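Two complexes are shown next, each including subunit A; its partner changes from subunit B in the first to subunit C in the second.
So, the complex of A and B:
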């Protein structure tokens, strides 16, 4: 158990014991070391299952929509990227901020179990991080890996280590900003021809099994009634049976969260087919940045989002292809 | 020998009730022609058009979708078309990112007094789409194959 984990559990115990919080939202030990799942803890006894390790990639913000409606205060542990999501939900009046004690915690990137498996290491029992290296222990022995090779995609291109709008923080060491450019992949796609892009997305989206995991995990996708739950929408919850249905779901979903997506990368993390869904959202973020000025959703808990705002001299839709978006 | 059919595109035009729909009317009364394969759908404001409308039009066999609204600043509801402008700019560029030809979608501002412009815009758009050919990328192929 790391110092950080100890500190977090200690604080959770304090909050529950003093009655300051009626419950704590955090990560619970899963069946294996590498699958901790989001959970609610009501008592000190339950906290025995609390974990915070390299596999706690899950964003807890969305759970607060339901939990913050319960009586009493809820304490929640948020990694830097998750704090943006919470702030965005506060802005949209989806969570009751008064009922929440938001605790920002240190995060130096979370690990991707699939990438570790690809390296031929299975049955992982522990992963301890030391700087740029991770020692992964498994039932079959230990192996040292380069941390960059086994990080989640969302952490490789982390947008910020800032903790926004939190009540308190638990940060022991210095958090290093990720150096890579998160729009690199998008630009690569933009440089392709239309036919190549079409072929790329066709090959990616045809893997989609419409499990709705991306929709259900997305903090921005929190409508009580989703347009895709409507049987008339043309894409009922079933496997897509043609190219169009694959495109429709992902285009509309990306459009609905445009301007509100904080780029937390949960969609790509949970996708069982490993479709790079974050590239759809990042395209919108990039376009908004170039056309309407730099904007980071979730940075402020008030103000307008780019698509609910306008200026008189906005770019014309017919010119958008030449207006600096495609360079 | 099989007869080679000339490609006649299907065009869907969403027209704002307060400007371009009246503009189409004016084109008619002024005896200015525009292609018969433009199917006009009247909407209360260009802002009423949601991305799903456009995708649905493509699904059901449209080869091009054009959205006509009041000139920015002249919206009947004061600001509706400003939102349309942002939304459609984002959507069109995104569709292009997904590999859909950028010529298939267009927004034009046509006022109620611009009958001649309406006919010119439609003629021009239909010409472009005819050159471009059939839409096979974002469509339900079951609709097409007959």
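So, the complex of A and C:
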């Protein structure tokens, strides 16, 4: 167990014991080292299963919508990325912030077990991180991997190591930001011809099985009932006309969360077909930055947002259309 | 047994696909799924688990059942189905192959689902023996021998060769094409591989899962277990587990109105979804706990109660790998099992 994990569990224990928090939201040990699940802990005894390791990629902020309605306070552990999501949910009045004790915790990027498996290592029993290297132990021995090669897609380009809007923090070491530019991939797509871009998205989105995992995990998708789940809506598209029809669902969803998406990357993490859905959202973030000035959703829990505010300096609709490199 | 050098595999695929459509695991946009073979396809036979299972061939995600056309007071019912021509599914693992038995019990009992049956009858199935099962595999719990699956033809693979053995008349016909690309032999290598695979299976972490509490007489007790609350708490209510599952068989039938009439289609449904079992008056399951419980009770208790004790899980482990929240049937089996055996 790392010092960081120890400190986090210690804090969870005393929050529960002192009665300051009625429950703690964190990650619970799974069947393996690499499969913890988000969970609620109500007692010290339950905390025996609490884990915080390289595979705790799940963003816990969306749980707070439901949990913050329960009696008593809920303490939650949030990685830097996740704190932006909580702030955004508070801004949208989806989470009752008064009922939450938000504890920001250290994160140096989370690991992707699928990428480890692709390197031919299975039956992983532990992954210990030292700087840029990860020592992965498995039933078949140890191998040292370059951390960058086995990070979750969402952690390859870290938007910030800031812990925003939290009540306290547990950070033991320096958090290093991933150096790469998060709009690099978007720019690559913008530079493609329309036909190339269409071919790219067609091949990616054709894989979609319409499981709705991206929508259900998304902190910005917090509608009580989604229009696509409503049989009365006439658009409850359970069946596709053709395999590319899913493009409409994903593009509409990206529009719906634009200006509110904090770029937490959960959509791409959960996709069973590993479709890089975050690229759609990043395109909108990039365009908003270009058209309305730099804006990071979730940075503040109040104030106006580019798409819900009007100023005389706003770009003309035609310029919005031309915001990309499309000529 | 026929032994084919892997460098000749593409030629063999081409020869098969000249006779009939050939579907095989192909890597496309980074993921491996079944796709029609075509020249240049990035075939990935060694991928243990395609993202979607092989059930799609018989029970596709959506299909048109019939069309209705109204003229005055007359309604014409149009069946657009064409005869299903024979096709080959290549590379079906032992777990997925067993899933066909589970689907058959549902779709081929009276009244027979003719949509399903036509495709099932037309398929020639080439199974693929596993050589490197991984930690999420637990087919052996359900009595499946992944080292030696059946089907019309069984294919075994090592780094250099593919070995083929025919099991049925349909298989013998396919072997006539395959035979031209190889030579007799390979029995020894295949036997060694089978032994090795079975040894690995024996050591895997889920191999000794205990299913003894999951029996019809425990239905009420299991249904009422307090464990469901914590087991389901992180469930997102997405359909990943149901859609990657080779045995999930629930569907919805809906009408789609067009200018020209009505199209009646069938599509996969998921018991994880909020509108599943929506009826005119109400929905019998209004919480995610109830939906989650339904899925696992169906696999482990309801289905076996109805079909002579066969579980509706083949231990492919796709839900273990793909659930975004890392919930899965193994956790359910272990937790409920531990509680009942205490």
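The rule is short, and it goes like this: the second predicted complex is superposed on the first by the 307 of 327 C-alpha atoms of A that agree within 3 Å, B and C clash if a C-alpha of one lies under 4 Å from a C-alpha of the other, contacts with A are read in each partner's own complex, and residues count from 1 in each chain.
In this text, a contact is a pair of C-beta atoms (placed from the backbone, for glycine too) under 8 Å apart; a residue touches a chain by one contact, two chains touch by 3 or more.
Owing to the predicted nature of the structure, the values given are computational and were not obtained by experimental measurement.
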(Q) Based on the shared subunit A superposition, would you classify subunit B and subunit C as clashing or fitting together? (A) fit
Q. When the two structures are overlaid on chain A, which partner does A:194 contact: first (subunit B), second (subunit C), both, or neither?
A. first
Q.
Which partner chains sit in contact with A:310 here, subunit B, subunit C, both or neither? Use first/second/both/neither.
A. first
(Q) Quick check on the superposed pair: does A:227 touch subunit B, subunit C, both, or neither? Answer first, second, both or neither. (A) first
Q) Can A:132 be said to touch subunit B (first), subunit C (second), both, or neither? A) neither
Q | Contacts of A:291 with subunit B and subunit C, given as first, second, both or neither | A | first
Q) A:254 contacts which: subunit B (first), subunit C (second), both, neither? A) first
Q: Could you look at A:320 and tell me whether it touches subunit B, subunit C, both or neither (first, second, both, neither)?
A: first
Q: Determine, under the contact definition given at the top, whether A:270 touches first (subunit B), second (subunit C), both, or neither.
A: second
Q: In the superposition described above, what is the shortest C-alpha distance between subunit B and subunit C in Å? Please give a whole number.
A: 9
Q) Common interface residues of subunit A with subunit B and subunit C? A) none
Q: Give every residue of subunit C touching subunit A within the complex, in rising order.
A: 28-31, 33, 51-52, 61-62, 134-135, 203, 205-206, 230, 233-234, 236-240, 242-244, 252, 254, 265, 267-270, 273-275, 278, 320-322, 324-328, 330-331, 334
Q: State the interface residues of subunit A toward subunit B in the complex, per the touch definition above.
A: 189-190, 194-202, 227, 233-234, 242-245, 247-248, 251-252, 254-255, 258, 280, 283-284, 287-288, 291-292, 306-310, 312, 314-318, 320-321, 325
Q. If you look only at subunit B, which of its residues touch subunit A in the complex?
A. 51-52, 55-56, 58-59, 72-73, 79, 82-83, 85-102, 105-108, 137-142
Q: Name, in rising order, each residue of subunit A that touches subunit C in their complex.
A: 30-32, 35-40, 58, 114, 117, 122-123, 139, 203-204, 206-207, 209-213, 215-217, 225, 229-231, 236, 238-240, 269-270, 272-275
